[in-house]
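Worksheet: one structure, shown below.
Which chain is which? They are A, B, C, D and E, in the order written, and residues in each are numbered from 1.
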């Protein structure tokens, strides 16, 4: 089962090989990336079957934690590793301008993402996170109009990294370790204090840049609006979720304290409200989707702030739903740029695209029996079970935001289907690949409806496993010295 | 036997109403004449008018609805008369009740409105528009009064209401028990009769008698019959609600004529109000008094 | 006052050939003017003499002179005086200029005169039928139109010789028409 | 397989047929038959109305730890009856020439069929909901199905539909919040659990879920002040669709309210529930909301110049009577409220059908461009006449009976002001419906309409069927009241003591058989009197008194615009303070907020935010 | 002062009904008709000023069952009160035709008799009875209320005895009246009322109902068919 490491190593290797190979044979260079990702997919699949849902840890190079590099593989990690490979494959930039460079960057992104999903210690997380930043920065900058936003993104991202690093440093000063399992052991004694909380806040803000957390997400609209749509799809669909995953891990294992949850809740709620409100007045589709993405991620954070398995369950459900819907929407938006009013009657030439858009919009708003509804229901149920006015306040905020969301999404849907509008220049037809990919997402959404009961059960299992910090600690075998250190303190 | 009995009642009640109504019309015209220092029409004048109108040799119709309108106007009142108890005859009063009566009384207006509509004469439509507006005005105090009386009596059955008032003479009459309601009722009654100052919907010189503009011959005759019924109905409802109904025919008729005489005596002293002034007036005073009256009743 | 008015009018009309101002009564002047000078006169009266109100235009049929006389009555609110401008035009062809551009109310008067006298006003906005919508005959106010003959042609007379009247006539009373009044 | 399964399957089959064959010319006919089959399926369950019983569906799931079940009782049956009948008649109407013309004019007939079938299916699902979760799911399905029906015409309907869906989502989210509050107390969505907890909640805690749920369901019922969406949304839906929506759609809100207020909370509790810091109770609040819902929309309808808009506004107003009757809580009032659902559906559909027939022939529903059509479209006129008498609540139509019950209940409960409000609504309705029928069917026939003909049978048949129903149930209200009594027994209301002709009561009974009998006997005598007079001679409509003026066909001799000038001079200024300002205030407030949040995201130096937030969080942590 | 104008044409006198009940009924109806006269006073000229005194307290027409009405549909007598200009005459004929039979025309003032002081005016019609079947003239310039009431009483007597059937003459000799009207108003003359149709409907045809003038009318008239209900 150690071959799981390959999903980090192989894309990384391939990323360095791609330019070289492409120089030798263009077609081979083009095929290399998807091939590697396919292999990763296969590896993840086999590992998932082999492990049969049990968590295990891998110590790279044989060093025992907390000293060595630890990969922690449980259902959640496998799920995200799988989704990473899958999404990268599906959203592979087949038609970019600078193909080798893009391929290489995408592969790096894939590798780093896989790493983020699997990493079991803070330092590695930081390293992979930086890698993700670099790769995504490169990818964003490939867009024609995206240099200024990319720089903003870079600045914010860099600033976030600094904050995260400071946070990690604080953690290290408090505990002397960066291994999550170890930290988890030490947290009750070392980190339930203002300094621990400060560390969490800093890491949250730092990682939050990628996860579109409220105040550090100002890069999102511009970048998504200007970057190539496949990149936007990757960033919104995948990277943000991985960042959220990191925060989830930290929250469950290390910072499981009330104030931390409170900060998450507040920032998440602010994200929801500002995102949806801003989207309400957005004038073009990409920006609207970007704002909507902020809102959805805010909802994920609100969900994670619910203590225990319920919150994880709800958050994962929303995140996964968003992961399916948003990339597809970005793909559909590829040819629907410009002012929204210019889309009047766009459905005429592009009926499948318009229908898919409607489907995703319905799911996003949360219309039963589409998956979006169940995800939202989970969140609502979770929030309702909590006592405390803030949770109920969050509930109200989310519900109001949903109304706003429904309004703007269906304003667009009606614009698309507007029949008797003056003949505006018809928007371009979508490329077949985009439609097919979006259709794939749509099909998976429909499939999710049909497989709702098994899916919800397996997701619940994942949530259970994820929320169980003790099991995590049990899986990672720590080096005896440090464990005694923890015990003695 | 019972069926025969009720059949006789159902036949007699409208007949009586018609005959009494004829005399009420006469009384109305006589009072008007006396107020204007004239002699006034002879005794059978209302009958002559109706006979003459029905006997017209050529009559014009604007369509089937024009005819049906008149039929509904007359027929609705005939039906309504059977719901008004008179001494010795209850008709179907206990099967219908006050609210039903109030709504059955709208059927003739609706029928008339339909007939007038078919005439395609804007004067008529304007008249109907004003009449309906006036109805909106006067029905509100009217239903307030109905509510008050029904609450007071604990029943909306006119028979019960009358019986309750006859328990101990004048002291148990509605007008003594609930004077405010009685006054509001009188006000509403005046408006219902559509005499000055509430006759903007007729306005002969302005909209050529409004709803009646295209009515000639038996159409107008039907409306004259309807007027008889209308006066009778108004008088009897008020008598039943506030004056203890009729112990016997004599007192019954005296009361009914007296009730109708009051608004008529007032009417010919006034010019007419505009529509909105009618609404404003009727929504202000009788409604206010009626509500105060209800407040007294319900305590 | 009236003297001043006359003087003022004299001054006003001194440039207009043939204009003759006569004082009829206090504040009531008559100006006789040639037909081709009338518009100029009216313009002066309106523009400089403050006679802004056209009260009426009247027409007289001088059949013996074979002329129509047109009288324009204009009123001044400042001096509270009326000026009647008289002019004569030949009956034949009976065409004259409209003063609609000076006085808007002239449209109605001219239309009326056209209907009643058959006089045509060039430049008047409408010479359609005005009041006599049913009238097909010649202009009825012309003196050559014999209304009585027309009536006799159009309507029949009612013979009314009841007994009681006969008695009266026999007794020397009743209705008598003097011989010179009977028209042939 | 229970009868309910058959019913739902049949309904699903209808949707499938609509999907497959909705675009064919015979599709409408097949669909009509499937709706009839659904009606038959429903009749299998007719036993529900006799005893308080429940038929469950064998369909049930357990998702996320919640079990979803569906079941029918007398209440569901009653509403399902109206729903399916409305679907049946609307489809019948669409199936013939109307549909052909709709398609020829560029309408999407297939989508219309699908939308109506989906509406029926989703409503049947909603009506079968066996727990709060299925209630919500059904609710959402109904909302979105109606949205589809409303939006499919394009053009002005889009604005209206968007407005609708925004209101509907607002309502749905309020419901979700209410359900969440209940769930927070019970961890369960089942009715018994919810009922238990609602019974045990203190007054202050009961208010929140109650308010949220009432608001949410009230949106669909278009209770004031949440009513602004409805009229335009219904009116712009194509003919039969509008009839369907007008007949039943917004009554789903009433169904859900009955479930919540009466079955779960219990009307007794609602009646006693005091409004905090005041001396009135929840019932007073609801009753006054209902009363205002009667008055304001009715008088708004009075001002409409489009026949469909006028009817749609009345639909809102009539909803008020239903709620008003229900919250009175006694046997008469609730029976009146429930019966009004049926009655309103029948006459409203007939009215919409009639108006659609006129639009079909003349191409307009503008009340200032019609007139005199009775000579050309007598059957449509008849349907409209019956319909407006029902709508105005005059004898002998069924609308009178239900309103009578409500009035009677208000009298017995001693609510004079509410009573007056209800009567004011009725009077306003009379004014407005007379304007409707006068401006369309009476008065002068326009030259351009000289040669039009009556609508084809496929259109007149449904309206005549409905007219007959309106009359027969007015004559024999006992037919409907027996179902009502079943419902009252099921949901725990006092049961009405009905007879075939109406009601037997010591305090004033109603026997419509007698009333209608006497009324028609009166008409008979009137007719005898009338026809015993001289012969009549029919004249041309231009042979008319005009003060001696000669009328010609090009002169419009018809009074239609600003029909009640006198009244409008008095109350016209009041219309300025309409509820539209509330909506626009919310909208502009939202716009302002949105603008400011966008401003936040547009800042050039984003890192400052991060810095500020980091510092703030750290400060918070340290302090 | 008041003189009957003899009925111009010999009428196809309706045979008296032999059934004694019908006879009584006819008498009753005649009586009722005579005692209930609704009048439409068409105020064409100066004579109208004499009617208000006749109606109000001094003379009080209502004693005789006479009431003013405002539309021709409701009225029985048409009072033409003064000179009749040709334009006005058109309206008078329109109004007359809209009245329901039995209807009576009373010409008040000399002008209606023979033009009066306008005897040589080109603008007024001279003899009303050429255009409408006048029942009664009340001459005078103007007749005082006493004369008006006296005239009305005369009319009442005539009606009571069934002698005032001039309205039938209008139907029976429509061609004659129409000819006179066309003579004055031109060949395009048409009223909205279908007199011939009415005559046909009520069996009031006479030998002169149709003629050359009605032919002319039918060749120019716009449709007068009532709107029949169509399915």
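The rule we apply is simple: a residue touches a chain if its C-beta (ideal position, glycine included) is under 8 Å from a C-beta of that chain, and two chains touch if they have at least 3 such contacts.
The shown structure was predicted, so the numbers you read here are calculated from the model rather than taken from an experiment.
Trainee: Could you name all chains that are in contact with chain A and with chain E at the same time?
Mentor: Both chain A and chain E are touched by D, going by the contact rule given at the top.
Trainee: Give the fewest steps needed to get from chain A to chain B, where each step moves from one chain to a chain it touches.
Mentor: Tracing touching chains, the least step count from chain A to chain B comes to 2.
Trainee: For the pairs B-D and A-D, output the one whose chains share more C-beta pairs in contact.
Mentor: When the contacts at B-D and A-D are counted, B-D has more.
Trainee: Using the mean of all protein Cα atoms as the middle point, what chain has its own Cα mean nearest that point?
Mentor: Of all chains shown, the one whose C-alpha centroid lies nearest the global centroid is D.
Trainee: Go ahead and note the Å separation of the Cα centroids belonging to chain D and chain E.
Mentor: Roughly 58 Å, centre to centre.
Trainee: Please work out the Cα centroid separation of chain B and chain C, and write it as a whole number of Å.
Mentor: 62
Trainee: Between chain C and chain D, tell me the centre distance in angstrom, where each centre is the average of that chain's C-alpha atoms.
Mentor: About 74 Å, centre to centre.
Trainee: Roughly how far is chain A from chain C, centre to centre by C-alpha average, rounded to an integer in Å?
Mentor: 101
Trainee: Could you list the positions in chain E whose residues touch two or more of the other chains?
Mentor: Within chain E, residues 71-73, 90, 98, 198, 201-202, 226-227, 229 contact more than one other chain.
Trainee: Can you pull out the residues of chain D that are in contact with at least two other chains?
Mentor: Expected reply: 372, 374-375, 445, 535, 537-539, 541, 543-545.
Trainee: Which chain A residues reach two or more other chains?
Mentor: Chain A, residues with two or more chain partners: not present.
Trainee: Let me make sure I understand the interfaces: which chain pairs count as touching?
Mentor: Listed in label order, the chain pairs in contact are A-D, B-D, B-E, C-E, D-E.
Trainee: Considering only the defined contacts, which chain C positions touch chain E in the complex?
Mentor: Contact set of chain C toward chain E: 132-137, 140, 145, 147-148, 150-151, 154-158, 160, 162.
Trainee: So in the complex, the part of chain D that touches chain E is made up of which residues?
Mentor: Those residues of chain D that touch chain E are 372, 374-376, 378-379, 445, 453-454, 535, 537-545, 548-553.
Trainee: Using the touch rule from the top, collect the residues of chain D that touch chain A in their complex.
Mentor: Its residues touching chain A are 61-64, 106, 133, 136-137, 140-141, 144, 147, 151, 154-155, 158, 161-162, 165-166, 169-170, 173-174, 176-177, 179-181, 183-184, 187, 590-591, 593-595, 597-598, 600-601, 603-604, 606-607, 609-614, 617-618, 621-622.
Trainee: Tell me, which parts of chain B touch chain D in their complex?
Mentor: 10, 14, 53-63, 65, 67, 70-80, 82-83, 92, 94-100, 103-104, 106-107, 110, 113-114, 117-123, 125-126, 128-130, 132-133, 135-136, 139-140, 143-144, 147-148, 150-151, 154-157, 160, 200, 208, 213-214, 217-218, 221-222, 225, 274-276, 278-280, 291, 294, 298
Trainee: Over in the complex, which chain E residues touch chain D? Could you list them?
Mentor: Chain E reaches chain D through residues 71-73, 90-92, 94-95, 98, 191-194, 197-198, 201-202, 222-231.
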